[in-house]
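Note that the chains are named A, B, C, D, E and F in the order they appear, and that numbering of residues resets to 1 at the start of each chain.
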Amino acid sequence: MTLLDHLPIAPVVIPAMTAPLAMMLMRRHARAATALSLGGCVAMLVAACTLFGVAQDGAIRSYALGAWPAPFGIVLVLDRLAAMMLVLAALLATVVLGHALVTGADRRGWHFHPLFHFQLMGLNGAFLTGDLFNLFVFFEVLLIASYGLMLHGQGALRMKAGVAYVVVNIVGSALFLIALGLLYGLTATLNMADLAVRIAALGTADQGLLRVAGLLLMTVFALKAAVVPLHLWLPRTYAATMPVVAALFAIMTKVGVYAMIRTVPLIFGAQAGAAAWVPAPYLLPAAILGAVVGFVGVLAARGLREQAAFAVLASTGTLLMAVASWRAATLAAALYYMVQAVLAGAALFLVADVTMRRRGQYADALVPSPRFAGQDAAGLLYLAAAIGAVGLPPLAGFVGKLLILDASYATPGWPAVWTTILVTTLIGVIGFSRSGSTLFWKTSAADADPIACPARAHAEFIAPALLLAALAALTGAAGWMTEQTRATAAQVMMPVTYVTAVLGAAR
Amino acid sequence: MSLEFLVASAIAVLVAGGIYLALRGRTFQVVLGLTLLSYAVNLFLFAIGRLIVDRPPLYAKDVTAHADPLPQALVLTAIVITFGMTALTVILSLRSFLESGSDQVDGLADPDAEEPA
Amino acid sequence: MALLTLISLPFVAAILLALARHATRGVHMLIAGGASAGGVAVLLTQAGAVLAGRTPAVRIAWLPALGLDLSLWLDPLALLFAALILGIGFLVVLYAQGYLKKEEPTARFLSFLLLFQGAMVGIALSGNVLLMLVFWELTSLPSFLLIGFWRDRAEARQGARMALTITGGGGLALIAGMVLLGKAAGSYELATILSRAAQVQASPLFPAILLLILAGAFTKSAQFPFHFWLPHAMAAPTPVSAYLHSATMVKAGVFLLARLWPVLAGTEWWFVIVTAVGLVTMIFGAGVALFRHDLKAILAYSTISQLGLMVMLLGFGTAAAVTAAVFHILNHAAFKAALFMHAGIVDHETGTRDIRRLGGLAALMPLTATLGVLAAAAMAGLPPLGGFISKEMMLEQSAHTAWAGQALLVPVLATLAALLSAAYSLRYAVALHFGARRTAAMAAPHDPGALLLAPPAVLVGLALALGLAPMTLAGPLVAAASAAVTGATRPALHLALWHGVNPALLMSLGAVAVAVLLLWRHAAVAAAVARLPAPDAKRLFDRGMTAAVGALRQLSGRLHAASLQRYLTVLFLVAIALGSEAALRFGITPGARATTPASPVAIVAWVALVAATGAVLAIDRRRYLALIFLSVIGVVMALAFVHLSAPDLALTQIAVEVVTILLMLLALHLLPGNPPRLSGVTRRARDGLIAAAGGLGTGWLAWTIMTRPERAGVSRFHWDNSYAGGGGTNVVNVTLVDFRAFDTFGEITVLGIAGLAIYALLEPAAHGVAGRRLRQWRSRDRFSPERHPMMFVMATRLLLPLALLVGFYIFLRGHNQPGGGFIAALVFSIAILQQYLASGFDWTDVRRRIGEHQLIASGVLIAVATGLGSLLFGAPFLTSSFGHFHLPLIGDFELATAMLFDLGVAAVVVGAVMMALAQLAHVAQRAAKNDGDAAA
Amino acid sequence: MIDLALHLAAGAIALAVLLNLWRLLRGPALGDRIVALDTMVINAIALIVLIGMIGGNDTYFEAALLLAMVGFVSTIAYCKFILRGDIVE
Amino acid sequence: MRHVLPHPALSAMLLIVWLLMANSITIGGVVLGGAFALILPKFTQPFWPDRPRMRFGRHFLGYLAIVLLDIVVANFQVAWLILFRRSRDLRARWLVVPIDLTTPEAITMLAGTISLTPGTVSADVSADGRFLLVHALDVADEAAEVARIKRRYEARLHRIFA
Amino acid sequence: MSVIADIVIVVLLLLGAGFALIGSLGLVRLPSTMERLHGPTKATTLGLGALLVASVVYFRARFGVWTAHEALISLFLFITAPISANMIAKVHLHRLRTGAISEPDSIAGPPPRPGGDGEWATFEAPRRDTPASTANS
């Protein structure tokens, strides 16, 4: 094996080494730890991009950890979907980390850097693993790291919200284990490809249990993805945490979506009997509700962070509407939308961060304040982020929505999908325009002195601007990107390839 | 009365107790609930390997009947993770109480909660 | 290339302006004006070819998956529009330079303006309907920003939001319509769509397509009943009104109707809707305009009316009507932009726009007045201005149009509209410029400088020229554009002031006559009109929005209230509901596997477990006792694992139990004692039902699984390869450190992270509010003064080395017998924790050698390094190797890399456990010390 | 005969566990409950030893050993909580 | 020697415990156990600052024998009490045992012995360490019982902890 | 050999289990906390001790292997059981002193004071430089 063959492990190993090293360095050599952290992030980005390049040939690569063949050991599976998610996560992480360093958010509590990298390790592991129990484990890694990051900093509100976030997710993990247990009890395997094969062979007597397992598993993923009505935890959690952390969390709900996209076509595809396309009857209505609840929340929010949180909900709803029909075409659109939604959501949070640092006591409350330093620049960024989140040209959200409209045409329930997308976009436009004009146009006292704030580096604007630039780039490169998502969706919807790649042609 | 029935009903009792406590209003009750729930889940995960008495999965050449080792490994992993989560939850509840003066999960203060000067 | 230049010039200029925002105004004007002029120049280079019948086009693949290409073309209609946009744009830039005050940020203003210009040019040039949508939506943003340019004014912000809401909403409908149109036509390329009228009109989707597209067009073009945003958009600076809200943006809707005319027009639906809306808007707008007093409001409503006119003409569905519409687009652009500029000058010079407070300006500012009167005359449709000709054409077309069998209905209404138009135009011309001198604020208004005067002068000149020499100036363009709209051959066009005496002329004369009469009695009529109940659209809109936002805010707030109990209730209910669904639909029945009879011991253990669970539930608020019962459950679990062949699990359970209890007791100490109950009987009953359902469901699942025969699965392989391939006989342990070492790797990471998070939670707890609360914390109980009971202390000193020894033993044998790194680590931890318990925090802490941070970090690193080690041998991550060795004297022993991995596991576990417990124990003490420091 | 004795012994210990449980539920003093729990742990050790004998393998020995070694830690902690509130000081 | 082997008795005990755990006596086991027996006392020395000197000779073994014997006997006595004596007929008493032992280790051992023999439980030590509070389940003569404890156990412990 | 061993095993098993049961019975039957504390001592000493010896003999007789590690369980219990009893007694004394309800007196009555001017350690912190003070307190 060449070193390149081992590369699939890099996205897990790099943060797994960066985190403890940063932890050791933190106390005595804070600067070195910071540099290491950033370096680790960049290294991960490089690894992710390389893997993305590797996955371009359309082959699915299986990496057998411990040299134990699938399905007996744990395998990492590098396909287009995994590669795409890795790049997205690494990209987001690098920008967010940069922002945290520039704003000093990493020094507002303990262990930001180790927790940050452990979070990435969890994400990357979840994207790469080909084993259902291992997916659980990496879910736990990313969750517990997210607890730590979510609580980073101080405050009673954050703690209370943290308790709810943690408890809900622990219950979710319990459900995950029950679902996993059922699947193992039925099939005696944990490897996803093997599960696909064995589930297809289950007899009639087992169909009920199989369906329960599938539905419970989907419930867990839906909880992580904050699918209505399992979304209730999200707004408070994301609004209560530090915006820079919330920006990283923009990808967390999408992990739930990822897990659905990974498991449903593969394990619960057409061959799965009673569990065929298991979330199908419920996902579309839930997604529609999610988009509505999300954009209504954008309109109803009382603070920027809360608004951004609802925008994240809304984007999940929107993209799940496309996912729900389980076709390659809609899935491709959904993937494009997902990528841009992650960046747009993160951008919103970072803009919220920049804004609230400059508004003093007014923080991110959606009430007029006296003028503040950098108001115009922040306003412009907010405008752009809002455009991205709501899906107007020239940013990628618009393209994403067009893609979803186009692809979902004539799928079951498409009029509802279309109506929802269009109406919720309008609600979002109204919401963002109201809050934007309140924050950046209206002043509580026009002639009052601007809010005094210590000289802020313009560098604070860089990270959100970069994310927005990425959104613009996604628009410009929409052709290339949709080609990627199309190929990815096609690969996902052809589980045979996956199964063969993991288990070998013999099966 | 079979072992299977005992285990299944124990799972039922633990889950019910866990759910009930998790739905209560104070952090400590919720922690208790989560603990019961995790017992139940561990037992469940264990039970899916089917129940086998006195055949621990210790390899020996001529042994054929043995408990399924894999669910045991899974439960071990689950126990460890649960422990980490429980520890964090307990301490988070405490910190939350210290910050807000209330141990209610939903943020309401008790009438007699003392406020620090 | 020319098209690409055309489309990119404004955007490039906008970016340049943003970059050069600190440069002088002159530079700003140069950039903006240059871009517009450059655009016009490019157009001129193409005009000849276009009018000669060639259509320059460019198509660059952008999003092939969607059929969205950067497809641009310049047909005569596009040429007409682009010329308007760029030409008037150039004039507006000049005008704005004179209009904006010194301190206002011209760069920002102009960059928004050019952004808008670019989007508009894009609409005009789009050869792909999706591309057109992109530009269409893109116009909303600069419009929003420009209306809200004076952001401190409430009406500006509200006007901006309203415009965005209405046109944005329409735009979204348009998206749906366009995509459907593309679906019906099988392509998003405009040329293709236009050639497939029959196919589109035959589609069952056609009514939907039409309605959605019309919704987009009507909102943008302020057609009744979507008109009301336009008057409020007048809060924008006047150059914006002149540009966006008279000459260009509002015409985008008209343009769209014209653009899609071949596919949409000619159907009954089209005729009925478009004509009716246009007619109503035309009359309504004109009627309102007559009784407004704000100059810009008059112009705004007149714009609404004139747009209605164009829409109506397009609705007629005849080629001749299209020609009239196209010519009127041109005329209206000229005179209306001029009028807005004129109104801006008046406002600028007199400080008011209230027509009632103005009069006799002709004498004060003759040049301005001349322009105003001429432009108003064009709007009134008086000869010899271009407006006259297009109005005549309109009346002519109306005269030939029958509505629902009524030949007179349309002509009469059209005449009424012409009448009202003439009336408000004449009012504007007369009341403002003639009669008594009334100038509100400023003492001596006078003609402004060239920058403000030249642009309207050019436009008025154009309006005049369009009347005097229509064929020379506009003939070919109008003919070509009309043909482009209808898709037919060019009409035989005859534009002239005099067409002889025909019905149109008579209608026109009558209209003007009555208009003069009406104006003569204007005051009385206005008073009467003022008494009519008039719904204020803005108030309705605002009130509606406020109410809706308020309601939604309340709904959303209530739905997302901070309630963990609700989150969990929903989660449990969803899980139960989904489980029941599967059970009801497919049935979940037990299998045929023989059950194992339960021994009395098992039954007793079960009784203990159930009783303890019940006790925990019954006394859940007496936390200490609840913990004791929790311990009972833990003991039963351990026994069950022993009984059911899981010694590793039993060991783990026993050790974890102890640590958990310690942890909970530590926390419990600081939590308030015996709290009151929170939920009432109903609530508890409801929760009880949920709990019962969840419990029964899960129990049933367990039962049905356990009673199924086991299947041959992957663990068969684990069993077979445990010793041969993994080097250990404890298959569970080999699974953990070898087959599934990656799980274990993740699992210890979880523990390590828990340690970090706990540290991050507890370290700051001694400060701030938490610290204060800690220091003020007093127990309600009385305590024994004895800190370190002698017997206990003595016993732990002996137990420490013993326990450590046991720990090492369990660690070393784990690979082959029950045990392993995790359990060993717990034993180590408990051994040290005993010391803490017995001898206190400080005493123990100083004697401990290694910090938790180092333990966790090095543990993870050891695990990673072990995993990476195999890479050196070309084997995948975490590949283990082992060997049996023989040393003289010592005998056979085994070394496995998996044990190194297990060492990492142990380090992390000890670190995390100690972190949690020692830090927790530390909190109270440190708070007390802080207290002392603060006092000192 | 030995099997019978083993099951008899196990039954006796099970009965003992039931008695412990009764005291545990009944109280009334806190000390009573702690003693009951402590005794239950001892009985559990006995049961583990018996289970090992019944099954004829000594794999469970460590479980019994561990219980004997750490079971008392929770007993002490429970006591110390009552005596001092803070179990580590 | 003290440097390498700070506490030979403890080391010996650890080695024995190791061999017991391993349940076999092999050279490898002895080497490994011996290593731990050497390392652990050193490693844990800070936790037991002044380990008392004890003699593990004849006196110690004798003491062990006596205690084991007493445990067996007392077990039967107490079993009889539990089974057949009615509660109200129990002659439960508190005993205050004055002690002459001076090291906490020795006192602990005494108290432990008392507790291990059924029928008596060491409940507390006085704050000055000179008295032991013992609860006895059934005694006729308190003074005699105190004397028995002192004579039978404390005296022997004196010799062990010389 | 085998018959004798069997008899020994049976006797030890019944003896051990019997004592464990009687200990727990005492926990139920004896009148108050202090008395009940005496019961478990049987379970830990002779009860478990007999069972462990039975186990040693049993494995020797049945499988021909000597197991001795059972002794370790006894060793640990001998170290820990008195501590548990001591601590529980302290809890009882403390709760009695602080007048906790549901903490009945022993039938031996209230505990006497120690000789001298001191108090029991539960009521008074151990004095420095006395045998009751461990080095660190």
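One rule holds for everything that comes next: contacts are C-beta pairs under 8 Å (C-beta built on N, C-alpha and C of every residue); 3 or more make two chains touch, one makes a residue touch a chain.
Here the structure is a predicted model, which means the values were calculated and not measured.
Trainee: Shared touching chains for subunit D and subunit E?
Mentor: Common contact partners of subunit D and subunit E, which must touch each of the two, are C, F.
Trainee: Which chain, with its centre taken as the mean C-alpha position, is closest to the global C-alpha centre?
Mentor: A
Trainee: If I average the CA coordinates per chain, which chain comes out farthest from subunit A?
Mentor: E
Trainee: Using CA atom averages as chain centres, what separation in Å is found between subunit A and subunit D?
Mentor: So the centroids are 48 Å from each other.
Trainee: Determine the centre-to-centre distance between subunit A and subunit B, using the mean Cα coordinates as centres, and give it in whole Å.
Mentor: Measuring from centre to centre gives 28 Å for this pair.
Trainee: Go ahead and note the Å separation of the Cα centroids belonging to subunit C and subunit F.
Mentor: Spacing between the chain centres: roughly 69 Å.
Trainee: Measuring from the mean C-alpha position of subunit D to the mean C-alpha position of subunit F, what distance in angstrom results?
Mentor: Taking the average C-alpha coordinate of subunit D and of subunit F, the gap between them is 12 Å.
Trainee: Residues of subunit B that touch two or more other chains: which are they?
Mentor: Residue numbers touching two or more other chains: 22, 27, 30, 40, 44, 47-49, 53-54, 56, 58, 68, 70, 77, 81, 84-85, 88, 92-93, 95, 99, 105-107.
Trainee: What are the residues of subunit F that contact at least two other chains?
Mentor: In subunit F, residues 18, 23, 25, 37, 39, 44, 67, 69, 72, 76, 79-83, 86-87, 89-90, 92, 94, 121-126, 131-134 touch at least two other chains, as defined above.
Trainee: Find every residue in subunit D that makes contact with two or more other chains and list them.
Mentor: Touching at least two other chains: 10, 13, 15, 17, 30, 34, 51, 56, 58-59, 65, 69, 71, 76, 80, 82-83.
Trainee: Residue numbers of subunit D touching subunit C in their complex, please.
Mentor: Where subunit D meets subunit C, its residues are 7, 10-11, 13-15, 17-18, 21, 24-25, 30, 33-34, 37, 40-41, 44, 47-48, 51, 59-60, 62-63, 65-67, 69-71, 73-74, 76-78, 80-89.
Trainee: Under the touch definition given earlier, write down the residues of subunit F that touch subunit E in their complex.
Mentor: My answer: residues 18-19, 22-23, 25-26, 29-31, 34-35, 37-39, 41-42, 44-46, 49, 66-69, 71-72, 75, 78-79, 81-83, 85-86, 89-90, 92-93, 106-109, 111-116, 118-127, 130-135.
Trainee: Show me the residue ranges of subunit C that touch subunit A in the complex, using the header's touch definition.
Mentor: 61-68, 130, 133-135, 137-138, 140-141, 144-145, 148, 151-152, 154, 157, 160-161, 164-165, 168-169, 172-173, 175-176, 179-180, 182-183, 545, 549, 552-553, 555-557, 559-560, 562-564, 566-568, 570-572, 574-575, 578-579, 581-583, 585-589, 591, 698, 701, 704-705, 708, 710-715, 717-718, 721, 725, 738-743, 745-747, 749-750, 752-754, 756-757, 759-761, 763-764, 768-769, 853-854, 856-858, 860-861, 864, 867-868, 870-871, 874-880
Trainee: Applying the document's contact rule, which stretches of subunit E touch subunit C when the two form their complex?
Mentor: 10, 13-14, 17-18, 21-22, 26-28, 31-32, 36, 40-41, 43-44, 46-48, 104-105, 107-108, 111-112, 122, 125, 129
Trainee: If you look only at subunit F, which of its residues touch subunit D in the complex?
Mentor: Touching subunit D: residues 6, 9-10, 13-14, 16-18, 20-21, 23-25, 27-28, 32-33, 36-37, 39-40, 43-44, 47-48, 51-52, 54-55, 58-59, 62-63, 67, 69-70, 72-73, 76-77, 80-81, 83-84, 87-92, 94-95, 100, 102-104, 122 of subunit F.
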